[in-house]
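Every chain is named by a letter (A, B and C) in the order it is written, and numbering of its residues begins at 1.
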Amino acid sequence: MNVYLREMKAHRIGLMWWCLGMIALVSSGMAKYAAYETAGGSITAIFDALPKAVLVVFGMQGFDLTKASGFFGVLFLYIAVMAAIHAALLGAGLISKEERDRTSEFLYAKPISRGTALTAKFLAGLTNVVVLNIATALSSVYFVDYFSKGAPVGNEITLLMVGLLFLQLIFFSMSALVAGVVKRPKAAPSIATSIMFLTFLIAYLVNMSEKLDFLKYVTPFKYFDALTLLTDGKLDPLYVGMSVLIVASSVVGTYRFYNARDLTV
Amino acid sequence: MNAIETTKLTKYYGKSRGIVDVDLTVEQGEIFGFIGPNGAGKSTTIRTLLGLIHPTSGSATIFGKDITKDGPRIREDVGYLPSEVFYYDDMRAIDLLKYSASFYKKDPKTIEKRIRDLAELLDLDLKKKIDDLSYGNKKKVGIIQGLAHEPKLIILDEPTGGLDPLIQQQFFNLLREENAKGATILFSSHILSEVQRLCDRVAIIKDGTIIKVEQIKTLLENSTKRFTLEMVTAPDASRFKIEGVSDFQMTARSASFLFRGRINDVTRILAELDLTDLLVEEPDLEEIFLHYYEKDDSQ
Amino acid sequence: MNVFLRELTAYRKSTIIWAASLSGIILIFMALYPAFTTDITATKHILSQLPVALRTALNISLANFFTLYGFFGYLLGFAMLAASIQAMNLGVGIIAKEVSGKTADFLLSKPISRATVVTSKLAAVLVTLLVTNVVFWTVSYFAAMAVSKEPFEAGTFFLLLSTLLLVQLIFLALGTLFAVLLPKVKSVVSVSLPTVFTFYIIGAIGDVLENDSVRYVSPFRFYDTNYIITNVSLEGRYLAVEAALIVVTVTLAYVIYLKKDVRSST
């Protein structure tokens, strides 16, 4: 489809930089792992004895830092945040750019329905998100394996990356919805990323205090929490279900609202 | 079947009125003008017809199809040139035009040939990036993307802004050619002379409502011109007292008056005079609208 | 003066939102301070068993960490992240709008020099940041008063708070430079968000081990909580680095901007 190809071309260079950035993040993060390795197993016991809130300060509650995959779990939060930023900016940008750049009078005066254009944009966004995920996954597998001296890490990384993909899709679709609803195109990415940042903060709060545990349903970062995933070894069906629900309703909502409102000129 | 038919088309932006109860009929094959002051509702009407904004109430059809239900199908046959043109800056002109062509069911090769012909006619370098084009050149891109697929209905919203007079001429010739081939044209403008040159009929819109729909001929007849004469010797004043003359003033060697009616009636009188100089001034837009506002208020 | 005032009013709404958000962050986190301080003695004892090397690497100072300052210094990091986004948004926005925005043609054809335009806008942005900081500092102080069981030194506290403004200034300067270097900025947020987060992550990862070299790279690491608490002052070295950075960046931004062609808005 022409709109799909055009969007893919337009995002080419940006996607490349983001992939490179992710690779840099993973590689430099894992490079720090060396120091932990030398300290050995005694650390885990010590850390386990600390109050939860304190551990959160170091972002390392519960992880077995002597294993490369455990360390990667700590790194995962940062990976997730960067991927979330990418997804949010992508989702909001794809939908709002026509009105922001005033090309809507060109595109939507063509024999194309808004829905068709949205579909093409969603597909292009999906492609971008998946490519970033694959780049992250491949570099993660490579670097974790490199530093873990042979211990098999493939399964754990894959699990985390699947979780990451869900996370990306959630923020992508939610941000698209924001852009579909909001009439001022320049406001859309700000609102979308603010929501994302807020959920990130809430995730931190949940980590810090048991009393706030109920908030974990509000923030997607806790649906696919590295520690939980590594401990359980699988995805929680409840969270997967919630993710699917969020993504589906956001997508449907985007179509609904974007079709019904006037295009800002 | 009419090209465009609107029935009580209304659009409110929140509380402020866009257009109210607009009833328009544009017949196939005509060049229909749409004039009015800024903010009258011309763009609102056009954007509603194209589906860029949704009507608050009322309905419209283009070639018999409902604009709310059959948008994409309608736009296969429509070419649109907006008043302000914005395109994707990173593309070259030819890329954008090919992208535009890709939306239509017509054979892309045919459209591409037409693109190149039009570009040559309008003197546009297709290889340049949109970003590097002057405003006028961007407008040319706009013209081409509106015409290349040979649409049955061409909608133009203040199209000549930014075009030099030569290109304007070519543009109008293009439009006439398309019209001769059977295309309907809806031409919105606040420049009366352009509308006069091109259109068969015209609708006048003010404050969101249609005041009048009229043949151009009638409009011209009804427009007032100011005549200023310099003469060798002044004749008797009664010579000028024909129907349509007003505000008549005369001195020893000059005379001036306003005239509304058939021009030939005046030129016949002038031909018999010994003139040294003659000035005929077109009414400006304000005079025209003043006329219509007066007429409206007095009715 | 007119440009200054206009910009100030234009930023009003966003300033309120930012000040409120930053205050909100602080209030929520401060409310967790009690949970953090449960059984400090036991925690300190446990941490003392960590190898010294690791403790240094993790930057755990047993003396400072469990004080109000230590905790506040930690959560200030979050607020600093958000505040830096605000600052960089503003910085990028100043120039981006005047390079290729629709107002560029308007403003720059007035009898006013480009330098004056930028300076006025910069001044407006500084006032905006100051206002935000005043609100933030006030809220933080009262929150600290409310949750802290022991009295604390206002001096140290405000010194910690000042680092927020200092880091903001760096990102403000960086934002102006980015804006003159990038050909067309369609969305300010898509420039500032990834940049700020990247520096934050560099700081966080680098923080875990190998303190010093990273400290020069990431603005978030310029000012060390422990040092401030212990010495009740900021490290002169980093203040100098910051000052130099800001001067160079902003000067460069001015120079480039004054030479640049202004693209028309069409």
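By definition in this document, a contact is a pair of C-beta atoms (placed from the backbone, for glycine too) under 8 Å apart; a residue touches a chain by one contact, two chains touch by 3 or more.
Quantities reported herein were computed from a predicted structural model and do not represent experimental measurements.
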Chain pair that, of all pairs, has the most C-beta pairs in contact: A-C
Chain of greatest Cα-centre distance to subunit C: B
Centre-most chain [mean C-alpha coordinates]: A
Subunit A-subunit B separation of Cα centroids, rounded to whole Å: 52
Separation of mean Cα positions, subunit C and subunit B [Å, integer]: 55
Inter-centroid spacing, subunit C versus subunit A (mean Cα positions, whole Å): 24
Overlap residues in subunit B, where contacts from two or more other chains coincide: 84, 89
Touching two or more other chains - residues of subunit C: none
Residues of subunit A engaged with two or more neighbouring chains: 101
In the complex, subunit A residues that touch subunit B: 2, 6, 10, 101-106, 108-113, 116, 260-263, 265
Subunit C partner contacts - residues on subunit A that touch it in the complex: 18, 21, 25, 28-29, 32, 35, 39, 43, 46, 49-51, 53-54, 57-59, 75, 78, 81-82, 85-86, 89, 93, 97, 100-101, 186, 189-190, 193-194, 197, 201, 204-205, 208-209, 211
Complex contact set, residues of subunit C against subunit A: 21, 25, 28-29, 32, 35-36, 38-39, 43, 46-47, 49-51, 53-54, 57-58, 74, 78, 82, 186-187, 189-190, 193-194, 197-198, 201, 204-205, 208-210
Residue ranges of subunit B in contact with subunit A within the complex: 13, 47, 50-54, 71-76, 78, 80, 82, 84-90, 99-100, 102-105, 145
